[in-house]
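I've put the structures underneath this note.
What follows is subunit A paired twice: with subunit B in the first complex and subunit C in the second.
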Partner chain A sequence: MNWLTSYTNLASAYIKINFKSLLAYRGAFISQMVAMFINDFVWIAFWCLFFTRFPVVKGWGVNDVITLWAIAASGFGLAHMIMGNALALPGIIMRGELDSWLLYPRAVLPHLLLGKSSASSWGDFLFGIVVYAIFVKPDLPHFSLFMALICSVAVLFVGFSVFTGSLAFFMGSAESVSVQLRIAMITFSTYPSPIFQGFVKILLFTLLPAMFVSHLTVSALRNMSMLDALYSFGGALGVLLAGIIMFYVGLRRYESGNLMEMRG
Partner chain B sequence: MSKYFYIALTSIRSRLAYLGELGSKTIFLFVVLYIFLCLWKVTYAETNQSSLGGLSLKQMLWYLVVTESIIMSLPTIATLVDQDVRTGALAMQLVRPMSYPLNMLAQTSGERVLSFALNFLVGSIIALIFVGPLDFNLSGIAMFLLLIPLSFALDFTIYFLIGLAAFWLEDTTGLTLIYSRMTMILGGMLIPLELFPDGWQQILRVLPFSAIVYGPARVFVTGDLQVFLSVLIQQIVAILVFAFVIRIVYNLALRRVFSHGG
Partner chain C sequence: MENAVSVSQLVKNFVLKKREGMRWTESEVKAVDGITLSIEKGQSVAFIGPNGAGKSTTIKMLTGILHPTSGEASVLGCVPWKERTRLAKRIGVVFGQRSQLWYHLPPRDTFELLSKIYEIKQDVFKSRRDMLIERFQLSEFLDTPVRKLSLGQRMRAEVACSLLHGPEVIFLDEPTIGLDVIARQELRDLISEWNRENGVTVFLTSHDAGDIQHVARRVIVINHGRVVLDDRVSRVRRQYLREKVLSVKYADTPESISLDGVKTLKESGHAFKFEVDTLAVPIEKVMSEIMRIGSVVDITIEDPPLEEVIAHIYSAPPTEFGDDAPDDEPDENESKSS
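For the complex of A and B:
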């Protein structure tokens, strides 16, 4: 229990510090947030146009897709506004920059992940909540479940980023592969799940676990199904566990970059 | 003129050295085309239609191959100009015996042509595997080959103008993002203009976005002469208008360049 309290305190301290450092470049921070807001909104506009012409796609309506986008964007945003280094992991490993993180009396992975906040992720996070509140107009139980599912999706995205980022321990230059896998995961996560069938559906429950974002969360919210919400959490924890194992197995192969580095 | 041709050629050669990096981006193209194939397959099946917006499912996927290849081949024009302005590197460009806008056009066009060719090749292979060959006609391909360079030139003029805004704005990335997303949605990258609400279509057809993305793609899949002529006129008029605006803005911007020593 002491362990949990200690890491919660560490996380809240890092969130505060990272937020303050983002505010040091206020103009750039706000413009990145707004840019991400616009980027996400274009996709909502696309789906609104699409559903104006074709009102239902395999049982999904426009509100389902907006819900999906809201959960995916906010989940991704929450993950990387708190654990922004998850996105930079392959580069950090490849350049031998783990050294400074290995010296701290903390578990390497959570400490490393907390070390940075992604500015644009704040835009993603806010976008999801605003869009869900304005377009879907949820009642309190739906909104509460929505917020809980955002946490589940955030755990999944962190786990997936750690898993793909840790490929750098084994492949060396894994930055491009990691980015491509992450983009594929995000892309598959933001389309209605019923359009994928057969082998691809199995793939999306396993290697590219997008169904835990796009299928179970929307189903949980649509039917207020706690079982689907639990499956979603279970899947997210499974992906996180796989990421943690991959990281620590890979860490045994890590070679120092002998870099002189100072962290302020 | 030949010097700009050689700049474009050099740009292609230097990009060829990083073919692996360009190639890795085609993984995303595969994912996007596969997802859109799934989406449109379901949509065609659920509406019980063999043609939507005048396109069959096969034509729709080939249409997306062209639109995605156009969008994904975009070089970072505005960022390059922005950096030249912000770092002062522009002053070095000005002493060279060549026009800075034309130099930038040649440089980025070389990169774009190569990137487009690679994306289009990979996209075509994916489309061939998923839906088979399109019923090509030679005149359609010829019209497409005429529209594509004009589409790139028009896109360049707008991005170049955004880059020049760095003389007055603190940050141009927001403008770049807004323009790129408008091109994606209003240019018909994701949905052909015929599937937009009726009231929107007339407006979208006269905006430059459709001349960059929708026009070349539609002509490629249908070989429609009427669409070709209207897009060609739209492209030429838009390029002339934006080139004129660049001339004015560029001359105004040059008054703000102060170089000393170094």
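For the complex of A and C:
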């Protein structure tokens, strides 16, 4: 319990300082946020056009896709506005920048992840909530479950970024591999899940766990199914656990570097 | 007296992968090769050596960043790589090339964050922060974003940050790198003052002879991962930094200088470079002679570069470094170099 309180305090201190740091260049921060909001919105517009032509795709309607986009965007946003260094992990490992984090009396992974906030992720986070509230018009139970599922998806994205980023311990230059896998994960997470069947479906529940975003969350919200929500949480925790194991196994191989560094 | 740092036969090998045609071959590079040393609590030690000698690797093992290949180490009773988080609460680390200050925010915000990271009680934090602000004269730029600070101000804040949690040992890896003469001097004064008044053990690496002379009482020289010299700074200084280089610019052509122990290294117009053996002739006498023979426009006194001293130490026979000098011999930390 003490551990949890201590790390919650640390997380809130980092959220505060990261936000302050982003606001140091207010214009740049707002423009990145707005740009990401527009970028996400273009995709929603595309899907709306698509569904005017084909109203149902394997049982999915436009509201399902909007729900999916809202959850995926907000989950991804929440993950990286709080734990922005998850995106930078392969570079941090490769350049030997873990040194600074190993000097603090904290568990290195959570501390490192909290160390940065991604500006555009704030746009993603807000986009999901605004779009879900405006287009789907949920009641309170749906909205509450939606918020909980955002947290589950955030955990999953952090776990996945940690897992792929930790490949740098074993491969050295893993930045591009990690980015490619992350893009693949986002792509598969934002398409209606019923279109994937057979082997691809198995793949999307295991190696590229996009189904925990696209299938279980939408199904949980559509049917108010607590079981699907639990599966979604379970999957997210599994991916996070895999990421943590990968990171700490890799950390044993870590060789530090001597580059110039500055925070914030 | 109790040891703050004890190291025995510490070895760190790195694996180097090379591609030869279609095949990858692996070879081992010895970064640290069996270092043994101990440092008493409250001592100030300079840990020096040329680039690639193994200084930073040793510091990284002593702070728990790296695991050694073999050997033992204890810092404040903790095995650094096994008890990293416990040790981190009791040590402070300053890397001259790495910053813990937030670039876009004022130092005050970093202080606040550090209090949460180290879980310092608010009343303790406030009193310690205020004391550091006063001692390190941070008040004038405490609310200025770090990006707008001079390097000297930044390094002062950097060292203050590393002292906020009240460490018993402070590791400083080239803290004065890139600083101008005044900023360097200010930082050296602060570090040695902290060592004297608060009893903090100082473990310093630097390529600057001035840092070593001013801050440390003991110097450990390593090269190729091994300790090649471990002695008092005063003794090493007397032995190797006895030569000074004086660059003098005259208004007109001066008379020629004729003093034993003074050698003219270079002459160009009205500018001269002399090498002075301070054991053969006191520096005051040389200065008077320089002033007497002509009208001086500018003058600089320099120590020989540390790299040169290290190279000399490494090439010198081991018998030169006996440890029979009296223990009560006064340090010569007060002498300053520019």
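Throughout what follows, the second predicted complex is superposed on the first by the 258 of 264 C-alpha atoms of A that agree within 3 Å, B and C clash if a C-alpha of one lies under 4 Å from a C-alpha of the other, contacts with A are read in each partner's own complex, and residues count from 1 in each chain.
The working rule: a contact is a pair of C-beta atoms (placed from the backbone, for glycine too) under 8 Å apart; a residue touches a chain by one contact, two chains touch by 3 or more.
Keep in mind the model is a prediction, meaning the values are calculated, not measured.
**Q** Quick one: is A:Tyr191 in contact with subunit B, with subunit C, with both, or with neither? Answer first, second, both or neither.
**A** Only subunit B is touched by A:Tyr191; subunit C is not.
**Q** Figure out whether A:Leu4 sits in contact with subunit B (first) or subunit C (second), or with both, or with neither.
**A** Neither partner.
**Q** Could you say whether A:Leu140 touches subunit B, subunit C, both of them, or neither, answering first, second, both or neither?
**A** neither
**Q** Once bound in the complex, which stretches of subunit A touch subunit C?
**A** 6, 9-10, 13-14, 17, 20-21, 24-25, 98-100, 102-107, 111, 252, 254-256, 258-264
**Q** Using the touch rule from the top, collect the residues of subunit A that touch subunit B in their complex.
**A** 27-28, 31-32, 34-35, 38-39, 42, 45-46, 49-50, 52-54, 56-58, 176-177, 180, 183-184, 187-188, 191-192, 194-196, 200
**Q** So in the complex, the part of subunit B that touches subunit A is made up of which residues?
**A** For this pair, the touching residues of subunit B are 21, 24-25, 27-28, 31-32, 34-35, 38-39, 41-43, 46-47, 170-171, 173-174, 177-178, 181, 184-185, 190-191, 195-197.
**Q** Once bound in the complex, which stretches of subunit C touch subunit A?
**A** For subunit C paired with subunit A, touching residues are 14, 56, 60, 63-67, 84-86, 88-89, 93, 95, 97-105, 109, 112-113, 116-119, 145-146.
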